[in-house]
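Here subunit A shows up in two complexes: once beside subunit B, once beside subunit C.
The block that comes next holds the complex of A and B.
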């Protein structure tokens, strides 16, 4: 197990290295001269040159890359072209909002998805199965930002149940703290603020969860169906176990592996779905922020966001693989001997 | 017993496929809907190129006097903030969404299949190099990578096509590679080699026909993903530039009127969802038809 773990972690290094090269090249090769974007089309040659010199853009590209990576490994993602603030500061202040939203979304998606997936599989071809599968199919076909807008129209526009955007009412914002509002408000015991944050989070979280919920439901259903056809399930039923016991103790535990895989992979893709969801709900996370930066070509910030998200994505994939090996002895054995 | 009694009717792969799709009502309806969309897009492009207007209203111009008319007999889907007829704009949007979807998938399909097939057929270092490159692309979430490309290249539909196409190359490369490797292991490929067939002949005669089905299925589902991605890029303001009608862009512009004129964003969103749904259903049906093993229980 330890050997497998070390091998997998070492394999990350080349992947992350090439991702950083890819992102760096996209930003430098495909893009026009950032000086004309930042200083405007009508800037003078001297001014543009001075700015490039200041930003280190006159160095050879390999030198630029090495400098950039040296700084990144020391926690410095450069400086925003427009606000001149360090990218690290900007991202760190917004990352908690995105992580909080993604975690709530993946919890909702997993619980609802697994629940309906199991029901669908157990009651195969029933009304509820057909309804669930149709909903899941529509769920994967719907643009996430449209789902968000429909929820806003219904729940804030007509029903006035929840606010249509933002993360918490301005007056209730917890000062200092970790930036994770749920945690911060609970620690100081401000339950009113906690419920205010919860009200703000519910629609964006459901929106973000929608697509993953549909995928998890489908995966749970098909994985459960595979298992329910096995001989040992028939044996368990034949020896008179309750259907609850058969479904949860025998079937679900064995159907769990692919479900865990898909949940892990969905968490990674939630981070990119956050770009759209956060824009719709004016959620102050890195998703909405990176859209602003893309629209004004703030390359250092975009580069930082992509690197961080890719890092989290790759780490999630690694976690899924390790969990897989931990849960299924057959996987571990096969991969260690390979 | 005569010979004719045991003669089995020779069934072709494509004949079976059509029979299977014909029996699957959802896939059949989706196919009809997709053909309708394609016909609409082509007719619109042709008539507009000739300067004819077959839509009830000009999709790109309107008058401010007619802004925000709720759906009614004259304007089935209502009018937007500039007084343009939303029905005409939604129909006109078919052109952009479909052409971007098809173009992006074509880029990904051709490049990806070629790379994957080369890797799978020749193996060795070249294969390793190609597949590791694909791994790198896959380790960044695809819509984020597409946005990154757009951020660097600038806005515009042509760039959206390129961005969406580039990020989906690895899917096709992986499918093509695994199919080629599976086919290559068969005895009849060895036999073809022994009889002196060239690599090119083996690829064209034995490998290409065997990898078409999974690639076609993937491409159908790929168009639905591309239509969604196009809408997402349009929504973020990176796709088509005004005044042209694109569904995602229409949704972005309706956002400010979400409470005062919700109908402005119902129909473009519905158009995206129904189109994507049709490609998904048809893709699923096609997969079941071409690969009976994957048929859903």
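The block that comes next holds the complex of A and C.
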């Protein structure tokens, strides 16, 4: 198991190398010149050239890449062209917002998705199955930004139940702390601020959860249907088990593997920045931030974001694979790698 | 053997599956998997049920085990009509009637250890308690010829024959009175088949079991059965003690099956009866004699529905022509 873990972590290196090369090239080939964006369109050629020289953008591209990677390996992701703050500081201040939102969203999506997926599979072709599957189809097809806007109009615009954007009311923002507002407010015992943060999070979390929820529902349903037709389910019924026990003890445990996979992958993609959701709800996470940075050619930030996202994604995959071994007695990694 | 107690009695048992066809599924047909089957199984006997694939023998077994609801008819088990019970009452009889399944590879839950698999029926049916369960698991494993040290392993660590032994131990766990073996050996190698059959017949005496043996060939049930029923297209065409079935089969279908059993002597040639055509579809089965379309004998009764009639002692046959022949011979 440990050997397998080390092997998988070592595989991170080529993945991150490839991703870094790709993003480095794409930024430099396809993005507009950052100099004119940073200095304004009325700047002179000399000034622009001097800025580029200072930022090292006049070097050959290979030299630029080697310099960048040298710094990255020393823990320095560079400095944002616009704010002049280190990229690590910028990202660390926004990552908690994204993580918080993703965690809430994946919890909602998993609970609702698995629940309705099981019901759909057990009551196949019933009214509730058809209703669930239609809703899931809508969930998969509906553009996220549109769903977000509809929710804002209804719950915020007409019903005034929740705020339309942001993470927390400015006056209640916990100072210092970890940046995870739910955690910070609870630690200092400020329940009013906690509920305020919860109110802010509820709409973006539902919006973000929508797509994943639909995917998880469908995967749960098909996985359960597959297992429910297995011979050992018939055996379980012949043992005289109640249908509740057959469904949860025998069927669900065996159906879990693909469900865990899809939840893990969905969580990975949520963590990598819900670009549209964060933009619609003015959520100060890395999704909305990276959009800004792409629009103004902030090379170091984009490179940093992409590397972190790739890292998170690979780690989520690894986590899912390790969970397999814990869940399925037939999966043994140690034997394979030995 | 004359005063035998009936353990299980089937009366006019039917199972029809609705089959919908057409663009909007507007046409409803009935697939008559089991059609008016009546049968008695005595306590302590091994009853062999044979028939070709799709003749409804597994459906019959599943109805007795409570996995399917009969469409019509009754299943009397020690006097109680199981077909009339609701699910939660029906489940109490799972401790009396257990089933051993055909495929030992897929019929064990891959996530459960052998101990969990064997002890679960005892826990849910509340037949044993606490430390008794662990002891009984060890005992059952020894009975089926497996070391009890294996009980913490998972099914994928065993071979096909070993898995079938686990399946047998599982079925025995709740001390059932009747065990339905649904092609219990047909997925195994021939050498293993013999081992499992021997094991089953040893266990029969030890646990005082009654067997319903379902198989698709007469050769497989010859070894273990006392009486044999032959099924064709959802209904039983002949029931008789083993010797009568093998030595003096009456129904033309049984005669064809007997003639298909290979003989060990290459110098002996036996006239093999080759049936023409295929099994008719159980959707809209032929009216009149069901076997008429494939029967090699011309008889005047093809248009008449054939039901089981007694012919001699303990012999039932659903063929009017065969009955006439038997009577004229006597």
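One rule holds in what follows: the second predicted complex is superposed on the first by the 318 of 338 C-alpha atoms of A that agree within 3 Å, B and C clash if a C-alpha of one lies under 4 Å from a C-alpha of the other, contacts with A are read in each partner's own complex, and residues count from 1 in each chain.
Operating definition for what follows: a contact is a pair of C-beta atoms (placed from the backbone, for glycine too) under 8 Å apart; a residue touches a chain by one contact, two chains touch by 3 or more.
Just so you know, these numbers come straight off a predicted model, no measurement behind them.
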Partner chain in contact with A:254 - subunit B first, subunit C second, else both or neither: second
Partner chain in contact with A:291 - subunit B first, subunit C second, else both or neither: first
Subunit B versus subunit C as contact partner of A:245, first or second or both or neither: second
Contacts of A:39 with subunit B and subunit C, given as first, second, both or neither: neither
Subunit A residues touched - subunit C or subunit B, whichever exceeds: B
Which of subunit B and subunit C A:322 touches, first, second, both or neither: neither
Touching partner for A:234 - first (subunit B), second (subunit C), both, neither: second
Contact residues of subunit A, present in both the subunit B and the subunit C interface: none
Subunit A contact footprint on subunit C (complex, rising order): 65-67, 88, 91-92, 94-95, 98-99, 101, 103, 106-111, 113, 120-121, 124-125, 154, 156, 167, 170, 174
Interface residues, subunit A side, partner subunit C - complex: 230-232, 234-242, 245, 250, 253-254, 328-330
Touching residues on subunit B, where the partner in the complex is subunit A: 132-133, 135-137, 139-145, 147-154, 224, 228, 231-232, 235-238, 248, 251, 255, 258-259, 262, 265-266, 269, 272-274, 276-277, 280-281, 296-297
Of subunit A, residues touching subunit B in the complex: 14-16, 18-19, 22-23, 26-27, 29-32, 124, 137-138, 140-146, 149-150, 152-153, 157, 164, 222, 225, 268-269, 271-273, 275-276, 279-280, 290-291, 293-295, 297, 299, 302, 306, 309-310, 313-314, 317
